[in-house]
Structure formats: C-alpha cells, structure tokens
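To keep things simple, chains are lettered A, B and C as they appear, and every chain counts its residues starting from 1.
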Amino acid sequence: MYRACEGVGKLQATVTQVQPGERAAARLGTGQGAVAIALKGVSKVFGSGADAFKAVDDVSVDIRQNEFFTLLGPSGCGKTTLLRLIAGFEHPTSGEIRLKGKDISPLPPFDRPVNTVFQSYALFPHMTVAQNIAFGLEMLRRPKSEVQETVDRMLKLVRMEQLANRRTSQISGGQQQRVALARALAPQPEVLLLDEPLSALDYKLRKEMQIELKRLQSETGITFIFVTHDQEEALTMSDRIAVMSEGNILQIGSPREIYDHPAQRFVADFIGESNFLKAEVVRPLDPGAEIRLPSGATLTAGVPEGMRPAGSVTVVVRPEHARVVADPAAGALRGRLTNIVYFGTDTHYHVELPQDGEFIVRMQNQRGSEASFETGDEVGIEIGDGAPQVLKD
Amino acid sequence: MAAQDTSPAPEEVAAPTMAPHGTDYAAIAMRRERRNNLALVSPALLILVVGASGPLVVMLIYSFLAAGDYGGVVWEFSTQGWFQVFLQRDMFDDTIGFADAHLSIFWRSLSLAFITTVLCVIFGFPTAYFIATRPPEQRSLWLFLVTIPFWTNLLIRTYAIMEVIRNEGLVNTALMKAGLISQPIQMLYTDFAIMLGMTYVYLPLMVLPLYASMEKLDFRLVEASYDLYASRMNTLRRIILPLVKPGLIAGSILVFVPCLGAYVTPRVLGGGKRLMLGNLIELQFGQGRNWPLGAALSITLLLIVMVALLIYVRNASRQGGAHG
Amino acid sequence: MAEARRIRPFAVRHLPGFPTMALICFVCLYAPIITLVMFSFNESMSMSQWGGFSWRWYVAAWENERVQQASLLSLIVATCASLIATTVATAAALGTTRTRRYRGLTGIYVLINQPLMVPEIVTGVALLIVFAMVKVWTGYTGIGYLILAHTAFCIPFAYLPIRARLESMDATLEAAAADLYATPWMAFRRVTLPLLWPGILAGGMLAFVISLDDVVITEFVKSGGQDTLPTYMLSQIRRIVTPEMNAISTVFLAISIALVTIFFLLSRGKKQ
C-alpha cells in the first residue's frame, strides 16, 4: 500500500540544523537516516473478547525527516490513536515503532524525544506562558541559562514576547495555540506531533495558523506529524498525506496525488467532491488506460499505482474537471439540468444522467461570461482526456 | 527487562499477533498502571477495613453468640440474639410471643423517620425552589446559608432546639407572657420533640439534593406548560414535580436513613424514655448487657437502611437510563 | 404601549406561597442557633430572661478543667484524623480517577463511601465490640482507637472534594507533562499537586469539621476518662444545664462556621 515517492515537495530547512536533545542523542545515536519514524505492522486493540475494538489495524509507514506528514480521516478512523502510539500514551498491541531506527515501543512518553501539541493545548493553568515553555527543558535538567535562552528564542519564534509573564488563562485561543507550539518545540524534539491543533480556532485564525505552522516547520526543520479531519487543511499544509479509514491507511501521497489520483472510492469521496461513473476498460495505456463510458464516449483515465485494470470499473471525475455545454451531442455525457446553485466564485450544475444518476459540474464564474442555462435544459457534459481516475474498488 | 513475566492479560488475548520480539508493551503498561492504582488506594482501604467495614463482619459473628453475664459474649453458637429481636419467651409459661417493647420501638422509629421525611419535604421543597429561582449570583449565598447549619455540630443544634422548647424555654415563656397559656406545655421529652428536632437537624439534607435537581430545571418547559393553559398548581404537579423527582427521592433517602438510626436527637430530646432504634441498640451494650441482641438489632437496622439505599440506587439508575 | 406597561409581567418562576415558606424555613433554621448564642452572653442563669451582657460563662468554661481536657483531646484527634484521612484519601483519589476502569473499582467506591451509608450507631457498636477485644488483648487503651475510628469515617469526606477536583481537571495535563519529559513523580509534583491543592485543602477542612463534630462513634469507642468536647457536652446535657454550655457551643459554632466558610470560598474559587 505504501509507495515510496522520492522528492515530493520536500522542504529545504534553510535555518540552522537543530541538534537532537542530549538524552535523545545518548539513547538513539545521532545517525541521520532519511526516515524519522517507521511504523511496522502496528495494531492497537482496545478491550477484549466481543468488545474488542481494533483502532489501528496493521499500519506500516515511513515518515521522513523534515517532512510535514498529515494523517487525514474522519473521526474514529484511528489517526489520533496512531499519534498517541507514537507519543507513548498508548502501547501497540503488536508491531513496532522505530524512531531513527531504534525501537521506542518500550519507552514511556517521558523518555521519547517526541513532543505533542494537544488538541485542547493542555497548557498548565498554574504557570505563566514562559513557565509553560520552560517546563520540558527543566524536566530535561538543562542549565538555567540555556533554559532562559531557549524560552526567549521560542517566545520570539511564536511572536509572544510581550505576553511571557501572563497566565495561560489570560490569553486568547490563538495565543494559547502559539504557546502550546512553543512549549512542544522548546525541547527540540525529533518529531512534533500535532493532534488537530487548529480545530478550536475560528476560520480566520485557522488560516493564519496554517501559514504560521508551515513557517515554524521550515524554520525549525523538525518533522511534523499532523492529525486532522479537515481535508482542506491537509491539502494546503502537507508534504504528504496518509488517508485513514477504520484503522487502515488507504493511500499515501502528496496532496496533488491524493486529490487528482485517488486510488479508492473512500479517498475520492472524503477529499473533495466526486462524481462516480461506471466504465469499461478498452485497453491499458502507459500510463493509465483507455475507458468507455456507458454513453459510448471513450476517454483516457488515470490508474492507481500497481493496478492492472480490466473489465468494468468505477471511475471518479472531479466536478471542476468537467464542463457543461449547450449542445447535448457535444459532450462525453448528456443529461437534463435539474438544479443550478450559485456559489459566488463558481456555480454548480446538477445534471441528471440517464444511467448514472446525478453528475455535478463546477464552473468558475467570470465577468461577462454568464452562461444562459436554465433548469430543465438538455445539456452535454465535456470531460477532458485524463480527467477520469480509475478506482480500485 | 520485565519480558519474563509476560503472561498475557485477559484483555490482550484477543490480540491476533504479538509483536515480533514477543514483548507486549501494552500489557506491561496496563499492569504497571493497575499496580500503581492498587498501591495508591490500599492505605485508605486498609484503614477503612480496620476502622469501619471489618468490625461490621465481627458484629455479624457476635450476633450468633451467647450473651455473657456481665456484657460481652460467650463463644458458643446461639440464635438467642436474633430470636430476641422481635420475639420473647414468657417468663412463667415459656410461650413464645412478640416482644412488644421492641416492636413499639421499631414502629416509633419507622413512623418518626417517615413523618420527619414528610415534614422535610414540606419545608424543604419551597426552600429549594426559592433558592433555585434566585438570580444566579445570589444562589450560592442562599445555598451557603442552608449549608452552614448542616456542617455545624449536630449535638449543638439539638441542644439549641432543646433550649427553645423546654418548659422554661423561649416558646413557653413567650406564650405565658402573652397570656395564651397559664401553664407551660410539656414539649420536651415527647415524640413531638424528637420529630421537631430531627426535622430541624436533617432539613438541609433534603434541601441540597432538591436544589441540585431544581437548578437543572429548564424553565422553558414551565413556560411551555403555561402556554398550554396549565394553572400554577397544574404546572407544579405535572411539570415541575416529575422533573425534580430524582432530587426528591435522593433527599428523602438522605433524611430517612439517618432518622432511622438517630441516636443523639432522641437521647437528648426524648429524655431517655422515648427510645428509638439507636437508643435500644445502645441499651444492649450498656445496662441491658446483651451484646448478641445489640449486634442483631444493629444488623437489622443496617439491613433496613440497605433496602432503602437499594431502592434509591435502582431508581437513580433507571432515571439515568431513561435520560440516556 | 402605555396600556401594556401597566400590566404586571407574568412571573414564570413564581409559585404562590413558596417564598414565604422558604423565608420561614431560614428563620427557623437560624432562630434556635441565634438564641443559643445570645444567651451565652446572658448575665443570669436563665435561658429565657435577659439579665444583661456578660462574659461570665465564657470565663467559667475556660477555667473548667474538664472542658480544657476535652477540647485538647478533640483537637488532637481531629488534627491527626484529618491529616491521615486527607493523605490517604488523596492517594485513593489519584488511584481511582483518570484511569481506565479496572476490575474492583466499584468495590473500592463502595468501601470508601461505606461510612456515609452505614448509620453511625451501627459503626459505633461494631467498633465497640472489636476494640473491646483488642483492648483486652493488648492492654492499650489510649487515644489510638479514637484516631483510627475518626480517620476511617473522615476518609469519604476528604475523598469526595479531592476526587471532584481531580475529575474537573483537564486529563491531558499529566499527559502533556509526561510528553515534556516529566517522570510520573515530577508530573505529580509540578502539575497535579499544585492544581489539586485547593481540593486537598477543602477535603482536609471537611474531615476536620466532621471529626470535631462526631458524638456517636466517639461515645462508643472512647475508653473510660477520655472525653472529646461533644461527648463531654452530651454527658452534661442530661444534668442541669447552665449557659456555660451555650458558651462552649458558641465557640464551637464559630470554629465550624469559619472552616466551612473557607471551604465554601475554596470550592467557589475552583469554578471561576
């Protein structure tokens, strides 16, 4: 399932290469392999007998150093459990977790050079902002001067210098978020785990923090593992995304790969909007395949890695990869326009197909090019060559 | 390190495959957590077993022993203690009859406890409702006023009541001065005094749970009731009462149980003549010198209390189930 | 508009007679206590005739040797019992909250709350039976028995506010501490304990008040010659009562109310 794709949007860490923590260095060695975290056949079962619930099911994945890696999936898909397994709050029922080649499964959370930004931030309410940030360093028994210096640097990094002596209850949600980040980054972990850290923020702040997070990741050069159920967040921020469902990783790839070439129906459905069509494979191409739609039109389609498509398959077409045209005979598909929904930047056209149900087309609105379609019109749908993607299931 | 003692815990049996290196860290972590928890709770449990629960078991054993001549017990099996709880053997003709004295004390305890509970509802319900309908910032102050008597010494509160109702006390003096009565009314050392005292002492126990459920009362429901033509009385009966029923039951149990086992109030306000169960039990360990009977009576009282608590728990869990 | 303003708004929350009843209740709750306090300052022996202000009964109580001894014993027992009870209850609260449910947890709850469910008189005589045996075996008749018995029934009172505090604390705080390299002990010292402190203080205070107030269990557990203030008062109430009792009661009340007020403020602070 896992496909090694080299050189995907890897960020160049231009700022100083961060030294791993002393304890971490002593325990793990300073080998600079390309893989930061390797999961091998990791499963986690909660409960026993009839109540047993498999939260994570035989997951294997390599997460590379300096990567912004996102675990994306609906709630209950096991992404948070996976994060907690890496952090050490849960232990795998089977399989192993390697950090830079060393098995960390037996280590408790406080012996793992991995830090977490919690969904609820979990800032210590009885400490100031600066005390919160210093906590990890103090626990590592760093000299006082170093602690002070690092705290100052972190405060500057997250632009919170002014509020260093505030209580954490006296600052806003966005500021708390920054403190949580600074606190987790201060001990310079090998890997930073982020558990839906932006979910408590409002829309505008979330957008700001997305950019901020990207900046922090590139400035510190630390591997980020980011958990979210928000597909937009995942697409805009990640180097690579792993889509999870029911404890399994369904597909791993760059945002573009995941969006343009979903391998499975769940992935296509969960990320973005999709039209599913039945199709016949005419002949395999390299790459892709030639397919025939029920309407008789033949098109070239993308094919998932390692799949040899034949016979009847399901293909997905993104709404923005199609166009409505007035002439029913001109497009690859034809149907009756049932609904037109105006969205400001674009308009959605709902077209009732004779065989495949409803097909949605999204077209951008441009000044002066207002299309003159009306509900009830017979229209054609143009689909570009290469736009359909064959699914595995 | 701890890999040797890895007998899989029951929770882990379902795991399909073990880690390749054969160490189940999840099980180890779980066992460590359980060991820590047990270490943390054991000092408290030890003290409770030695200083509260264990002696109850010893008492159960004592109830099946024979009474010693000067108190204490003789270590031989006997059901005399339990026999004497409700029955007695006639001194002359050896016939078995009900122990009228005991029965009347049981009856007094149950009826006084019941009446006290009803009185506490009558006084406590409006009080709790009153507090619950104050503006939020005032509520905790009113609640505090109810709580203060609750946390002050029960003996002192009983003594305060005694001072008020005794023959030379405030009530009688005032009534005589007003010319309403020529002689003081004997209130102290009557069942009325015990009832009054217990109502006074246990009223906060009724108000607090009632308030807790009234605070959660959604007054939009009351508005809806008025909107649907209900009068105030009907709204109280059909909407408010059913919704605060859990609090009402909790309060009733909280008042009924200590009333049943009351010892200080009947002793002070009943003057040693109007006995309740608690005083009867004490008597067996004092002048009565019948420890097995005292133990049997104690366990009987405990059983009655347990039944009351069970009814409450079943009610509470049903309420909880009904609301999801 | 003008007409509408004249109509009294319908008070949804109002029920006729309820406020009156409630006020009567509050008056009745406090009237006997206030009377008791008032007559502790009465110059004369009477409990109904005011004979002028005087500290005389306070002086009498202060100089009464038995009152002194009983007060001292009360304080010693309450201090020891509440300290021990709060310590073990804190540990027990840590071992029963914020953890996976484990087998036996319900049993532990029942055991901890048992003193709240069993009537005091029953616990009292059960302890009498057991301690009578132990006293014969060991020959020891000191205040250890009182401290043990008081500690046992104080545990649930200390446990409940501590547990409530623990449960209202964000459970991820300790996880965050562990994530930031704090060992379990350091996480407890630096994070859990400082946050739990108000709960522990409240629990300790309640335990102290409960121990100070106890009559029934003390009455059955105490050896001859031992008297706490409440058992001394109980023995005196049966004889002729003087306002000296009122004076003792008033001091007692003042201590209890002060502690309860602190407890009230502490538990209010945690909500804000």
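Following the convention adopted for this analysis, contacts are C-beta pairs under 8 Å (C-beta built on N, C-alpha and C of every residue); 3 or more make two chains touch, one makes a residue touch a chain.
Just so it is clear, the model here is predicted, and its values are computed rather than measured.
Participant: Taking each chain's centre as the mean of its C-alpha atoms, which one ends up farthest from the centre of chain C?
Facilitator: When every chain centre is compared against chain C, the largest gap points to A.
Participant: Going by the touch criterion at the top, tell me which pair is linked by more C-beta contacts: A-C or B-C.
Facilitator: Ranking A-C and B-C by C-beta contacts puts B-C first.
Participant: I'd like to verify one number: the distance from the centre of chain A to the centre of chain C, where each centre is the average of its C-alpha atoms, in whole angstrom.
Facilitator: Result: the chain centres lie 55 Å from each other.
Participant: At what distance in angstrom does the C-alpha mean of chain C lie from that of chain B?
Facilitator: 16
Participant: Can you tell me which residues of chain A touch two or more of the remaining chains?
Facilitator: 108
Participant: Please output the residue numbers of chain B that touch at least 2 other chains, ranges allowed.
Facilitator: Touching at least two other chains: none.
Participant: Send over the residues of chain C in touch with two or more other chains.
Facilitator: Residue numbers touching two or more other chains: 184.
Participant: Would you mind writing out the residues of chain B in touch with chain A in their complex?
Facilitator: Per the touch definition, chain B meets chain A at residues 10-21, 23-26, 28-29.
Participant: Can you list the chain A residues touching chain C in their complex?
Facilitator: My answer: residues 23, 87-89, 108-111, 114-116, 118, 120, 122-126, 135-136, 139-140, 183-184, 187.
Participant: Which of the residues in chain A end up touching chain B in this complex?
Facilitator: My answer: residues 41, 43-45, 47-49, 52, 90-96, 103, 105-106, 108.
Participant: Sort out for me which residues of chain C touch chain A in the complex.
Facilitator: Going through chain C, the ones touching chain A are 170, 172-173, 175-184, 186-187, 190-191, 194-195.
Participant: Contact residues on chain C for chain B in the complex?
Facilitator: 10, 12-19, 21-26, 28-33, 35-36, 39, 46-49, 84-85, 87-89, 91-92, 94-96, 99-100, 102, 108, 111-112, 114-115, 117-130, 132-133, 148-149, 151-153, 155, 159, 184, 206, 209, 212-213, 215-216, 220, 230, 233-234, 237-238, 241, 245-246, 249, 252-253, 256-257, 259-261, 264, 268
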